[in-house]
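Below are two complexes that have chain A in common, paired first with chain B and then with chain C.
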Partner chain A sequence: MYSEIIKNLKTDVRLTEALQACMNCGICTAVCPAAEFYEYDPRSIAVSVQSENREKIIDLLESDTIWYCGQCMSCKTRCPRNNCSGLIISVLRKLSQETGAFTKSRMGRQQYLILKTIGNNILSRGYCIHPTTVVPETHPEQGPVWKWIYENMHDVYAVVGANLDCDGPGTMRKINSIDLNELNNIFIVSGGMKFFDTINHFSKLKAIEMGMVDEYGEADMEKYTQYLLQE
Partner chain B sequence: MEIKSKIKWSEYNKEIAEDHFFFLRSCIRQNFNPGAEKAFISILKNNLKKDIFDDARHTTCTGIGYHTDIVPFETMQTMIARQFSLMTEKGYKNCAVSCITSFGSYNEILSTWKEFPEELAKTRDYLKKATGREFEIPENLSHGCDIIYKFRKEIAAQSNYKLINIETGEPLKIVDHIGCHYSKIFPEKGVGGFEYSKVLTEMIQAWGGQPVDYPERRHCCGFGFRQYLVKSNRSYSISNSRKKFESMEPFKPDAIITNCPGCNMFLDRWQYTLAQIEGKTYGGGTNGIPVFSYEELAGLILGYDPWKLGLQMHQVDVEPFLKKIGVRYDPELKFVGINGKYINEPLFTGCLK
Partner chain C sequence: MIKNKHVAIIGGGIAGMEAAAVLAKQGLKVTLIEKEAITGGKLNDWHHLFPDFFSPKTVIDNLIAKTNHSGVNVVYNTEISKIEKLNGRFELSDERDTKFYSDAVIIASGFRLFDATLKEEYGYGIFDNVITSVDFEKLMKTEGKLLTAQKTEPKRIAIIHCVGSRDAKTGNTYCSKVCCITGIKQAIEINKILPDSEIYCFYMDLRLYGLNFDSLYLHAQKQHKIQFIRGRLSEIAERFDKSLQLKTEDTLQGRPLRINVDTVILLIGMEPGASNNLFTKNNKVTIDENGFMKPINMHENRNSSTHDGIFLAGTVICPMAVNESIENARAAAFEVISYLEKNKL
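And now, the complex of A and B:
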């Protein structure tokens, strides 16, 4: 599972950009919104990766820690050496998912939820977010105006000149099948689809490991989803 | 890398194309503020007489998928290459980007292709295999706010209203919030860099208002991608927005202006949520501080109908702001549907009932 972990880490071009002679000054931690909110220290992550300490890196891949970053990239702006802890995190998260390590942490397991929402939106609609998926019951923070928009969606979008789910250009237009096919082909050719399959595969293994199986012994992913939502 | 001093950054300007834009839309802005993108195109075409092409074929850049770590870098590179291919096919060389996440992603990829030509070659190969397409790299990549900033004085010259309180004659106090991926990753891609960003404050000034600095002006709104998108992580998101509101509150701003679609929505919605949790509003009374994007504010001063701009889709009620600057509008049309038919109303607007 982790046999070539350091080699795999170093082959990501983003790491070359993100980490050059970190001097451990800690300004990334000082400015980091995630460090203010969670027990999170991007400085120590940069140091662990720079040291190529295999055990520490594996611990990170299996931990909640790497999932705390909010990707604001404030660290990049402040680093005196132009390093970027947020980008190091992106590399670690990719590796965590490729190896299945993400299923060992609560925050890591959430990748399955994100795949089911954002991933599905991308492949089926051509958008990361679609208004029909921002359901008021699961988004109470959106407030009563959003509830009104959601319940009167086609009227409200039409009034402001949008082209919701219709052919042709415009806001929130329907992405036609030719363009969606190109998008899907890009995911197949460039590894995006394989990556989705990998997240699915390890999530199913985790569901089985946790005893969430149907009558045929297959992973019960609906039960797993409900578990993740409550976890 | 060129080291710029404090003074140089504060005077720093970037290259912004003059005309002929290929428009790249934002997933979040289309969802939550669809009227803003419509207004942006209209302002460029009808007010500034610019050429901007809106191609129905372009899709998400997958930036949110990338920053939630489900979309590999190679896939996002190829998706963005496809956008460039559509641009090339239509004969355009300048991109106008609506989304801040996309803007950061486009810049990250252009920088990667410059530093690592093998990544560019790989992307060309992937795109060709997947779609048969080829592409040129854009000559200029500007965010929508850059373009409105560039033409802020022309917009002021055509304006029907100014950001001035018509009762007191005083300029309105407006705080800005710059989306993190506008210039935190590549400061040289933002007007004024990151620390001394002036892309929004100079719009405020040009349109008669008074920009107000506040300590947490540069702090993230808290979107955090997975921190908001997974329900159980949302306390991260709201805590960051709360920090900003607490920081701007002593300055009693009349409005917040943003350049990022996500920030625009969060700063609006989190005021409502915080009021529901803590019973506190930041705008006095039961309302909050109205939040506008740069296109919405430009549209308003140019005399666009507030309900065509989609300002009824904000949770924080914008009407007190409209009255302050003297916008002529029909409050009866705020919540009507197609052809003026009545379609019910939200339970309430603002932050507290």
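And now, the complex of A and C:
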């Protein structure tokens, strides 16, 4: 699973860009919004990657830690050596996704939920987030106002001048099938679809490992989704 | 005889003065060309020298006495912008086309201070209570006390190392080398006048290269209770009461750190002089990758520029402390004499 991990890490062009040589000054952690809220220290992540410490890197791939970064790239604006911890994190995330390491942590497992929502939204509707998918029951954080908007969706969007789910121009318009097909093709050609398959594959393995199987012994992804939402 | 030879020295700071005095004492004709109305350069603004709190005024006064007694011709208010070799001699001129002729030249035009407003996230020039190490020296020299912009005694003071040094974001990746010990010296001075204040030094590495520098560090910790926190400052925000919130990481604890202070002192670094580029035109003088004047050999001869007959002295070569600058200038004077001896025909 991790046999070529250091090699794979070093061949990612983003790492060449993001890590010249770190002098451990801490300016990235100092500016990092995520470090204010989580047990999270981008400086130590940069140092672990720089040291090529296999054990520490594998720990990171399997940890919640690499998923705390909000990819705001504030670190990029401060580093006195022009490194970028946020970009190092991007590389670690990709490795975690490709190796299946993401299923070992709670934050990592949420990749599956993001794929199911945002990933599927993009491919089926052409939008990352679509109001019809922000169901109040699964998004209690949106509060009672959103619940009211959701229940009166078509009227509310019409009042603010949007063209929700209809043909023709305008905000939130329906994306036609030609454009959606093109979007799908872009995902196939660029490797996005393969990437989605990888997330699905490892998530299914995790569901089976956790005993979430249907009567045929297949992964029960509905049960797994419910588990992730409660986790 | 080289006694008839003429040497022109650009810059009447401590290096220029020392070189001028040494050469004049040997009987050479020396013209020291200073852009300001007084000699002594940036040291005129300084209150105390590290590591022994020696008086810079004594240094300058001694140099003035030496240049006067040895018969140096000092020209004030003249900024040389062009060095050219014509008919075997050097012609130096300023913007007003005042001309000086000499057989050898010493460039001792010094350094430029890092402009702290360029490091905008530190708020210099924006927040009233952010000052530089140079502002602090001037304050101590003129008023002898440190107050906040609201005229109260600061209870907490932060001293920030490496401002404009070792920072690719400012274009200066080199170490200015004298700032660390300056910060420790200033921290002790603050503790002496404000004994109840808390003083923090935020550093990345403490580069205490000189003899007794490290013992001053120990002294600052033991006798003056200065706190040293290893972490580079990310940014400063001003609060409603004009105090300042610092965002850094205590890298030895591995935790982000937010701390409120009343006054911040930025230890600004030394940059190549603004006129260095001008001096490379019309001759074979060159600058290094940082913009400082390039010697022919940094190990054996830092005083010879890449143009025969044009010499370098002091911080025009690289960041230096006062004692090094003076010693370096003395060495430059020796190189000038050797050159003139060799070329006396």
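Just so it is clear, the second predicted complex is superposed on the first by the 231 of 231 C-alpha atoms of A that agree within 3 Å, B and C clash if a C-alpha of one lies under 4 Å from a C-alpha of the other, contacts with A are read in each partner's own complex, and residues count from 1 in each chain.
By definition in this document, a contact is a pair of C-beta atoms (placed from the backbone, for glycine too) under 8 Å apart; a residue touches a chain by one contact, two chains touch by 3 or more.
The model shown is predicted, which means the values in this text are computed figures rather than measured ones.
In the superposition on chain A, A:G26 contacts chain C only, with no contact to chain B. In the overlay built on the shared chain, the residue A:G168 is in contact with chain B alone; chain C does not reach it. Looking at the shared chain after the overlay, A:S177 reaches neither chain B nor chain C.
Shared-chain residue A:N82: touches chain B and chain C both. When both complexes are overlaid on chain A, the residue A:S3 reaches neither chain B nor chain C.
Of the two partner chains, chain B is the only one touched by A:I149; chain C is not. Contacts of A:D41 after superposition: chain C is touched, whereas chain B is not reached.
After superposition on the shared chain, chain A has more residues touched by B, the comparison being chain B against chain C.
Overlap of the chain B and chain C contact sets on chain A: residues 77, 82.
Every residue of chain C that touches chain A in the complex is listed here, in rising order: 121, 162, 166-169, 204-205, 230-235, 247-251, 254-257.
Chain contact summary for the complex, chain A toward chain B: residues 12-14, 16-17, 33-34, 37-38, 67, 70-74, 76-77, 82, 84, 90, 93-94, 97, 107, 110-111, 113-115, 117-119, 122, 126-131, 134, 138, 140-149, 151-152, 154-162, 164, 167-173, 175-176, 178-180, 182-183, 185-192, 195-196, 199, 229, 231. Chain A contributes residues 23-27, 29-32, 35-36, 41, 43-44, 77-82 to its touches with chain C in the complex.
Residues 1, 25, 27-28, 30-31, 34-35, 37-38, 54-60, 62-65, 67-75, 77-79, 82, 104, 111-112, 115-116, 119, 126-127, 129-131, 133, 180-181, 183-185, 187, 194-195, 218-220, 222-227, 229-236, 238-240, 269-270, 272-273, 307-310, 312-315, 335-338, 341, 343-349 of chain B touch chain A in their complex.
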